[in-house]
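What follows is a pair of complexes built around chain A, which joins chain B in one and chain C in the other.
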Partner chain A sequence: MHADAFDRYYHAESPLHRLDPRVKVFLTVAFILSNALLSDGVWAAFGLAWLLILFANRFSGLGVEFSFKRSFIALPFALAAVSAIFIPAGQPLAEWTIGPIQLVPTDFGLMRFASILLRSWLSVQAGILLVAVTQFPDMIHAFEHLRVPAILTTIIAFLYRYLFVLTDEVMRLLRARESRSAALPGLKSGGSLFWRARVAGNMAGQLFLRSYERSDRIYNAMLARGYQGQMRTLRSHTMTRRDWLILSLGLFALIFLQLLARL
Partner chain B sequence: MLFSPAPLHIPDGFLSLIISLFFWVITVVAVGMAISKTNKTLGEKQVPLMGIMAAFIFAAQMLNFPVAGGTSGHFLGGTLAAIVLGPWAAILVVTAVVGLQGLLFQDGGLLVMGANIFNMGILTALIGFGLYRSVINANKTTRLIVAGLGAWLATMAAALLASLQLWLSGTSQLQVVIPAMLGVHALIGIGEALVTVAALAFIMQARPDLLDAKAVVEKGGRGWIYGGVLISILTVLLSPFASGDPDGLERVAETMGFLDRGLSASYQILPDYTVPFLGETALSTIVAGMVGALVLLGILVLIGGLLKRRAS
Partner chain C sequence: MPHTHPTHHYQLPHFEGDILQITDLHFSYPDGHAALHGIQLCLAQGEKVALVGPNGAGKSTLMLHLNGILGDSGAVTVAGLPLNPKTLPQIRAAVGLVFQNPDDQLFSPTVFEDVAFGPLHMGLPEAEIHIRVDAALESVRMSAYRERLSHHLSVGEKKRIAIATVLAMNPRLLVLDEPSAGLDPRARRTLIHLLRDLPITMLVSTHDLALAKELFPRMIIMDEGRIVADGPTLELLQDQGLLEAHGLEKP
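Up next, the complex of A and B:
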């Protein structure tokens, strides 16, 4: 069973791990919102936001550089913003002629590009830290407390729970395909692209029906155990004085950051 | 690593606050309607069904098939879900998938999740289900062809709308982002269409009861046909227009006042992007776009290869 393939939780005994999941979710969303509210080129505020991330890392017990090391996941998407460098506004910095295309990077464009990347990089780190210090069921529970419809959170909880089961199912399908795709040395196995796509399609159809029928069985099993349309949890999650204190400190820091950006 | 980030999941920071909130509002309304609709038809059974189906979409993305030169296509599954489960259920399923991808893997941001759910869930449900519903009484071959067309168009529509969102946020220049995104997704969409058709053909054979005309009609009214056909026509008309004549699109946006709202004040209207020996023609922007698309594709393949090597 690939029970650990998707888990992003890192266990440690730390103040951040003990914090109520609602506070963590709320502060993460507030932090991302605050990044979106920063205008381009307010480097001091971006720097302060980064300090906040480092600070949170420090109290996670996972090491100061924890979220930094994993923060390059959104980097491929930076390509989408590259064209912002050549926005024709402000002072041109250089003129590059690559073959038939003339590119003129401008200081305004460069500032915008850097700001977009910084915003995204800071937000991604907040998300990485959130899932590293919060167990997934606790996080889902927090969203429920924050008024996300229970149906949606329960579906996501189910998705998370059965992801591992269906991953094993896919692995079995892939192994079956592998074992039936023998080839003589020097010859390629398999047919044309269409044939290969059809095999993948049959596997997808097969997986679909297995999942569909499994959901029937699961529902019957749930009914047999007395399911009445609600998931129950043993963890009650009550806000302590410490949780409230950290929530207000965090919000205060974000407000200060916004004020700094508007000076 | 068992999955790779798809280029349609926009991360936080790439869309302006106004665009993000705008699409959150639409998405919240649509998801709210989907919840009440599936509540009526499925009752409490919807939780296990939707949850497992969302896990199916997630797991199915691992079903890759070799295409050429070491690259492989993989399956997104939105259209298949929309046709077999119905549009409302599909919206919920994709919402759960995008939600988990954003929360757990930072594959797509939180603030921009509304836009991501709209692009990948609501548009796919409209086009995928709407087109299929319109030929529900035709023979099997026609239905399969339309399903494949729907899968391809849904991918293109999502790419087109994501490009427009990036442009209106002042993140990308229209002349670059539209041809690049549409170029890459035209290829991704073909793989998606092939697998969707094969999977549907398989389900028609194994469980025809899931896909007979009566079962499909029950899942969504005629409104889906009009919506799906309208969005499809818009996508077909807008894609060549936007990649061939981005200035025209800019003028439209300007007269409608979109640009001022979407962009910061110091952001000016973009001038022309020319390839000198081709002149200022639609051809030159398309050529520039194709070059961009190839570069982007190359970099994505490279990154994918690196990720794979690190995992093994």
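Up next, the complex of A and C:
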């Protein structure tokens, strides 16, 4: 009964897996930034960005369509941009009346919506690919090298580690409640809504107390083993000539993409 | 001192025959690990049975099937009711399952609220709930702890409260997962007296063969998801070869 639903690392032997995590993190962030900088409707540049993603997928050893297949998870969030369709600019395409509200989709709005959708979709794919080919400790290590403050990386590392422990704890609490949620023939079971809400509230409180006490115990265990506020790993990463080459190629491709978008 | 619960209303319907029948129960965890291979088991009313076997034998998995936390097949019949989604609430009233770790069992801030959870959920009247909580705490000798905070008790105290939480539901069958694990000798002795005095059918998994010998006339040995022996405890404990083959030590 263990929750490992959060781990998104897929093991494989590939050039992308072997690449230095700093290069991967840096190029992913640069790619997302580059997408954000593309103006609306530069379809050629969006196409090129997608080619780059396909290219990266190809070298991940996970299949060309890997990140595409998993990218739909972010679609609901992109729906927040739906209102862009109704920007009052350009040519109106139709006119919908829903009760007192009148909606007029425009061609400019539609193009803007499509661009937002494409940008987020491409960026999400880059993120998906990054976590699929980089082990979590390596990623944290990369953040540290890229001068992300230690307090942040430590919090992220612990959050990740204890998310699993906490989920297990939640599952055990729910199982205990389920186990005693009984009924007798002829009696209405389940209690009042207010009582059930109170039990759920108490359980949330229990979870907080247990996590709090556990964090104390863990911190003591860390101090007992000489913790001084810094996580150290044995995985010493050194940039090889190949890493530098791929970093430069990736940056060059992104600059080219930006220039293409501005032609 | 045999303890009797003071209430006779609000009971499960009367039935005759075995309290628990399991026929050909199989179970695999979602990760593919097969935990139970064709379990056959009958428990008569009033029997006290020990379930022993090495870690990973499937004892806890079997116990989680007895009140429908795991499994969905029609292999389990409790108090005359075949286990299915419709009978599940009644079966949970009939089977009192006590988890190995009392922290897994207790989820309310105070002892009283935890013991009252089962009766409250059943929809019993308030007066009856108070009678049941008092009786349950009395039978585990924890009456003085009514208003205490559960998570500040010792392991032995938590164990007894955990047992009280299911006793308050007046179960027909008490299922305990390693009740003596982690207890000091005195807490263990208190537990033995408690289990001896409870007039309920019991199925108790344990590594403590001395406890099994003292309390349970019948013993079931499990290994690798199968029942490998089922018989009088004293006889099985004489069979050195059998015990050794399944990682057990004669007490």
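Operating definition for what follows: the second predicted complex is superposed on the first by the 246 of 263 C-alpha atoms of A that agree within 3 Å, B and C clash if a C-alpha of one lies under 4 Å from a C-alpha of the other, contacts with A are read in each partner's own complex, and residues count from 1 in each chain.
One rule holds for everything that comes next: contacts are C-beta pairs under 8 Å (C-beta built on N, C-alpha and C of every residue); 3 or more make two chains touch, one makes a residue touch a chain.
These figures come from a predicted structure and were not determined experimentally.
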Contacts of A:Arg262 with chain B and chain C, given as first, second, both or neither: neither
Contacts of A:Ser123 with chain B and chain C, given as first, second, both or neither: first
Which superposed partner A:Leu37 touches (first chain B, second chain C, both, neither): first
Which of chain B and chain C A:Val199 touches, first, second, both or neither: both
Partner chain in contact with A:Leu187 - chain B first, chain C second, else both or neither: second
Touching partner for A:Ala80 - first (chain B), second (chain C), both, neither: first
Contacts of A:Ser179 with chain B and chain C, given as first, second, both or neither: second
Chain A: partner with more touched residues, chain B or chain C: B
Which of chain B and chain C A:Leu209 touches, first, second, both or neither: both
Shared chain A surface residues [contacts with chain B and with chain C]: 173, 190, 199, 202-203, 205-206, 209
Residue numbers on chain C that touch chain A, as the complex places them: 10-13, 67, 69, 89-90, 92-93, 97, 99, 103-109, 113, 117-118, 120-124, 151, 165-166, 169
Residue ranges of chain A in contact with chain C within the complex: 172-173, 175-185, 187-191, 195, 199, 202-203, 205-206, 209-210, 213
Complex contacts: residues of chain B adjacent to chain A: 2, 5, 7, 9-14, 16-17, 20, 31-32, 35, 39, 44-56, 58-60, 62-68, 73, 75, 77, 80, 84, 92-93, 95-97, 99-100, 102-107, 109-111, 166, 170-173, 175-177, 191, 194-203, 206-207, 210, 264, 266-268, 270-271, 274-278, 288, 296, 299-300, 303
Touching residues (chain side chain A, partner chain B) in the complex: 2, 5-6, 8, 28-29, 32-33, 35-37, 39-40, 73-74, 76-77, 79-81, 83-84, 86-89, 100-102, 108, 112, 116-124, 127-128, 131, 136, 139, 149, 151-152, 154-163, 165-167, 169-170, 173-174, 190, 193-194, 196-209, 211-212, 214-215, 218-219, 222, 227-229
